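Input: structures, listed below.
You will see chain A twice below: alongside chain B first, and alongside chain C after that.
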Partner chain A sequence: MREETRREAVWQFLTYAFILLGAILTLVPLYWIFVASTLKESQFLSSTSPRLAPGDSFFANFQSLQARENVQFVGHVGEMTHYIDLGPFYIAYDFWNLWNMGAIESSIFVAGVYTLLSLLLCSMAGFAFAKYEFRFKKPIFYAILATLILPIQLLVIPLFLLMSQLGLTNNYWAIILPWAANPLGIFLMRQNMRSIPDALLESARMDGATEFQLFYKIALPTMKSSLAALSIILFLFQWNLFLFPLVILDQGKYTIPVAINQLVGAQRVYYDQIMVAATLSIIPIFVLFLFLQKQFVSGILAGSVKE
Partner chain B sequence: MATRDSLSGTEPSLRDRLRFARQSVGERLPTPGEGIVGYLFLLPAFLLFGIFLAFPIVYTFYLSFFRFEGVGNDTLLWIDTGFFSYRLTSIADLRFIGLENYIAMFSDTLFHQALFNTTFILVVQVPLMVALALLFAVALDASFVRLRGVFRTVLALPVSANLVAYSTVFLLMMQDAGLINYVLTSIGLPAIPWLTSSFWSRMTIVGAVTWRWTGYNMIILLAGLQNIPQQLYEAAEIDGATRIQKFRYVTVPQLRPVLLFVFVTSTIGTFKLFSEPVIINGGGAPLDSTITIVQYIYQTAFIDFRLGYASALTYVLIGVVSVLSAIQLNVGGESDA
Partner chain C sequence: MSGITLDTVRKEFGSGEEAVLAVEDVDLEIEDGEFLVLVGPSGCGKTTTLRCIAGLEDVTSGRILFGDRDVTEFRARERDVAMVFQNYALYPHMDVRDNIGFGLKLSTQQSAAEIDQQVEDVAAMLGIEDLLDDKPKELSGGQQQRVALGRAIVRDPAAFLMDEPLSNLDAKLRSQMRTELQTLQHDLDVTTVYVTHDQTEAMAMGDRIAVMNDGRLQQVGTAEEVYRSPVNEFVADFIGSPSINVFDATVDGSRLDGPGGFTYHLSDASPVEDLDTVRVGIRPEDITLVDDGIPMVANVLEPMGNENFLYTTLGDHDITARIDPTKRPQPDETVEFAFEESALYLFDPDTGDALKTKDDGEIPDRGADTDARPSETDEALEEAIE
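Moving on, here comes the complex of A and B:
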């Protein structure tokens, strides 16, 4: 019996040690991003005695990052060099003229617009597939389903040609529109909306609700948790897009990944500046993750659903 | 007059009554105009899907049989109403070359190098990461572990890291004078040329990708573990099974579909690897030893502007990934049965 309890203790100790080691290894790079952003380059890039605690150079590094000519990482007030140009919607954004958008704002803006647009399109399409009968419903659905297995971020060559012909190069629509009808989103919304009882819709119809009211007054409110999970999937998808923005966006419109790529590919790589950029682009999403952990987890699990 | 109107307003029409009657016996009747409404809800998504997904899928295949000779300039359609004019041009200037692009792949050493690098990273990284994710999931699932939620949060944190931004940290840590070499030398080990030797630079990518995705897979595996019926463990305990035996004969077989899913998605992810080698190895350094397939496609298409050949490469990649995805879907189907 005592032999057994001792073995149990050893086992528990090993398990804790393993988890702790994993947690430490996970946190070290994160800690290091933060610490390096607050130090001078010579303080942390040293094989003999790097400083491991935070310093006070964050603002100095931030200012030198902002002074870079080819990359505007965070926006600033000043003479307009870069504004949000969403084609026909340009005029609506004209009042932003005072604020020069940087890569951070661009990324948040693009991912936000993408998420909202895609949520609307996917849930409308999902609603149509789940609750209506129409000709060619099955073939259309299976065509969309089939693209689920394709790496859709890789279809950039025709997209590049298409965007050139549509005059959308260096325009944020070029990175929003191609994935707005997200196949995974349509599939998820269709699966979830099938659980809405037909009788509920039918009785609302009897009360004189229009079909669109059925959608946004009855269907959407019951889908809150699915919509939350899907919006995390969509936001992170756009947030991490690198290949096509790299191809289609020019200086002044960079999103975070492209801006960081410019910093890394420069003649002289300033790690302190890059770490400020990395801190600014990683930490906000971490905070979001801590608050919306449940939605993140259900987003990951929703993304791994199988038919 | 007024009474009559209000009466007919509240009284259901014959049509409605009929519908109600049919419904009450369980027959579903299409609402008037339902066919069109369905199309209307679908239309916006369908248009974007057609233009930006279905068309590119077909057009990439089409392009792979051509040599790209410039952006199209031929007028296909020209509407000029006086108020506005619209000119639709052809998409690209192309010359048909048949299977030449596909044949060229056989003698393209850089493509072979990219295939080799991707496979190398795949073979090392995927088993390592899945094993780690499984061990963390099982450890966190153990009943005696306290602060489970905290540990799970910490291990899952990298999920939220921007793919490009996190890569810069590995670029920094793996420098010759970086943090990792400092730790190695201070405990008496030799420094490792993480970014300048072709073997170790691949290992750097393996490490970075493992850091970013282990927590993600752990979450999926944890959900899978929670679906294993507790009775199986109890039965194994009655039979006197040890922890390792329970893991070997209950956990792993029960988790098999989820494990396969994780394996296949990670494999697909490795085939799509792009951000990490671009940022950490500056696009394939040293000596193209870390160039990946997607990165090679990017270079061929947008630096050399050989769009036809790049399309053929894309299709080979899409073929590989689709086969893998099909396997994944089949595995999923199996788990439902």
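Moving on, here comes the complex of A and C:
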């Protein structure tokens, strides 16, 4: 074997070893959460050596989680109380009572609405910053970027006051709107949209497209993979929000992180329930990722313009 | 369909101190159905002029008219023109059918079936009917080019604007598409403005050629006019391949003294009256090798098959000659050359304006007021071909 090939092989081995190590470091805690959720609390807390094989207590743990009074984790069928009585049968019309949302449904709903709204706003802003010239473009862009360094702790009180003045306390909009125009999202979309060739947009202009049609008929479809990546970032951001939802929402409307926090009591921490809740909270993210994975197709702009 | 008029069109980029003048007061009349080629070196303002006509750039001052309609303030989509870009700019997420039909969908009220029919007609005309369901990235450069053309043709616009559409194709495909484009343009009879930096392309394709330099329009005329009667040294130098040989000569009555012992007696000295020096131009193809002429030293010979290019030195000046393929001077060999006075160009050394051009005054005037359309014989010929 030649010296160079051998060195290459060693480097390749080291690279893979490093990646593998990273993967293990990431997966072990997740696996342990899953294992713990299937064990009795005593089994994974008191044993001297940690147990790595799943047990059979998952549903028992889940039932005790669902039985709690201060937090509704997974929702349940609601009672529809408004109906039109037609004698032998009746038609209920209060579909909003069809399902009593738990923390998981709240989180999915909030993060879903937030992701769609934020995708729209971020890509529109990104498109404007990437493809248009306007006065004070740079200062505005830098001002938006600068908001990235403001910690949430600094914003909680002013945001709370603002939201209560808007009458949005204990309303999901209060945790959706403040971050809807996400500076990181705007930055990412701006960077990606710069790769759209000007000629492509001009060509569409010549074809009779309005500026908004340029955006949704040309720019957005070519940005599919970026939008998919940004969706995950935005969804996770909202999924993990803790402090502000804790402050602005009441108990019945808690999202997952806040709900899990309720399992930490003054006298005792319900580790078994926390582990079940954590395991369940991973599932929607996992599904979202599987769903978007096929969109991560690189080179969607290939063949558009000849270099 | 309509002609296009540029009335003192001026375009500056930026403003105030940093303003860059890209197009300076261009006046140009393009007739209905004419194929006009804007040609010039890079940065001469030809593409900017085209973009102003397209409505992709606002003009700083001046007016643009399509027929009698002032479109200066119109946006690109309101002007009813179609543009073919250098890099084709196909929509990557749409198949060929949608790429071609996109403009019709946006700008007309036609039904999907009608649009589809037109797209298929145009695709058949361009020979790409089998590619309608392919995405742009699956196509070759030549096919992408045809799709880009199809997108322009299908809209039946008032004018075609083409920005170096052939420059990304390889040489063989380029000359093939050149002919196809010309035939297509004649068949469709749509006013076309075509930008290129390639003077050969310009000469071959244009009904008329507009030569630009430094944002200014230098000359508009047929290929023959700009070649034989350039208005100044720039046009003479830019048009023709290899380019014209130009050097300084001192004027002594009717005698011109140039570098390396070059002397020439003008039979008519009127163009150089009152001048001490003059710029002398001779086209490579007007140089013949003789036994008793002006001596120069051969450097390199490029055999082309049907002709030879001979690169020589006259004093400290490089001179290119296009000579008989049977003649093959060796490097460092001294050769002697001669030329006809009728083939001589003379330029003012200060302004660059032409004082004398080839066969001065004998060219039929085919300027703005003559019909630059293809002659009837051309059309008859095309019908015969069809």
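Heads up, the rule we're going with is that the second predicted complex is superposed on the first by the 220 of 307 C-alpha atoms of A that agree within 3 Å, B and C clash if a C-alpha of one lies under 4 Å from a C-alpha of the other, contacts with A are read in each partner's own complex, and residues count from 1 in each chain.
The definition used in the following text is that a residue touches a chain if its C-beta (ideal position, glycine included) is under 8 Å from a C-beta of that chain, and two chains touch if they have at least 3 such contacts.
None of these values were measured; they are calculated from a predicted model.
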{"item": "Which superposed partner A:Ala278 touches (first chain B, second chain C, both, neither)", "value": "first"}
{"item": "First, second, both or neither for A:Phe237, with chain B first and chain C second", "value": "neither"}
{"item": "Chain B versus chain C as contact partner of A:Pro221, first or second or both or neither", "value": "second"}
{"item": "Partner chain(s) touched by A:Phe109 [first = chain B, second = chain C, both, neither]", "value": "neither"}
{"item": "First, second, both or neither for A:Pro197, with chain B first and chain C second", "value": "second"}
{"item": "Partner chain(s) touched by A:Arg205 [first = chain B, second = chain C, both, neither]", "value": "both"}
{"item": "Which superposed partner A:Gln213 touches (first chain B, second chain C, both, neither)", "value": "second"}
{"item": "First (chain B), second (chain C), both or neither touched by A:Cys122", "value": "first"}
{"item": "Chain A residues touched - chain C or chain B, whichever exceeds", "value": "B"}
{"item": "Chain C-contacting residues of chain A that also contact chain B", "value": "202, 205-206, 300-301, 304, 306-307"}
{"item": "Chain A - residues contacting chain C, complex", "value": "197, 199-200, 202-210, 213, 217-218, 221-222, 224, 299-307"}
{"item": "Touching residues on chain B, where the partner in the complex is chain A", "value": "16, 23, 28, 30-31, 34-42, 44-49, 51-57, 59-60, 63, 71-72, 89, 91-92, 132, 135-136, 139-140, 142, 144-145, 151, 153-166, 168-173, 175-179, 181-182, 185, 191, 211, 214-216, 219-220, 223, 243, 261, 265, 268, 271-272, 274-275, 278-279, 282, 294, 297-298, 301-302, 307, 310-311, 314, 317-318, 321-322, 325-326, 328-329, 331-333, 335-336"}
{"item": "Residue ranges of chain C touching chain A (in the complex, touch as defined)", "value": "54, 56, 75-77, 81-83, 85-93, 102-103, 106-107, 135-139, 141, 144, 151, 155, 168"}
{"item": "Chain B-touching residues of chain A, taken from the complex the two chains share", "value": "11-12, 15-16, 18-19, 22-23, 25-30, 32-33, 36, 44-48, 50, 121-122, 124-125, 127-129, 132-135, 137, 140, 143-144, 147-162, 164-165, 177-181, 183, 186, 198, 202, 205-206, 211, 215, 236, 239-240, 242-243, 246-247, 256-257, 260-261, 264-265, 271, 274-275, 277-278, 281-282, 285-286, 288-290, 293, 296-297, 300-301, 304, 306-307"}
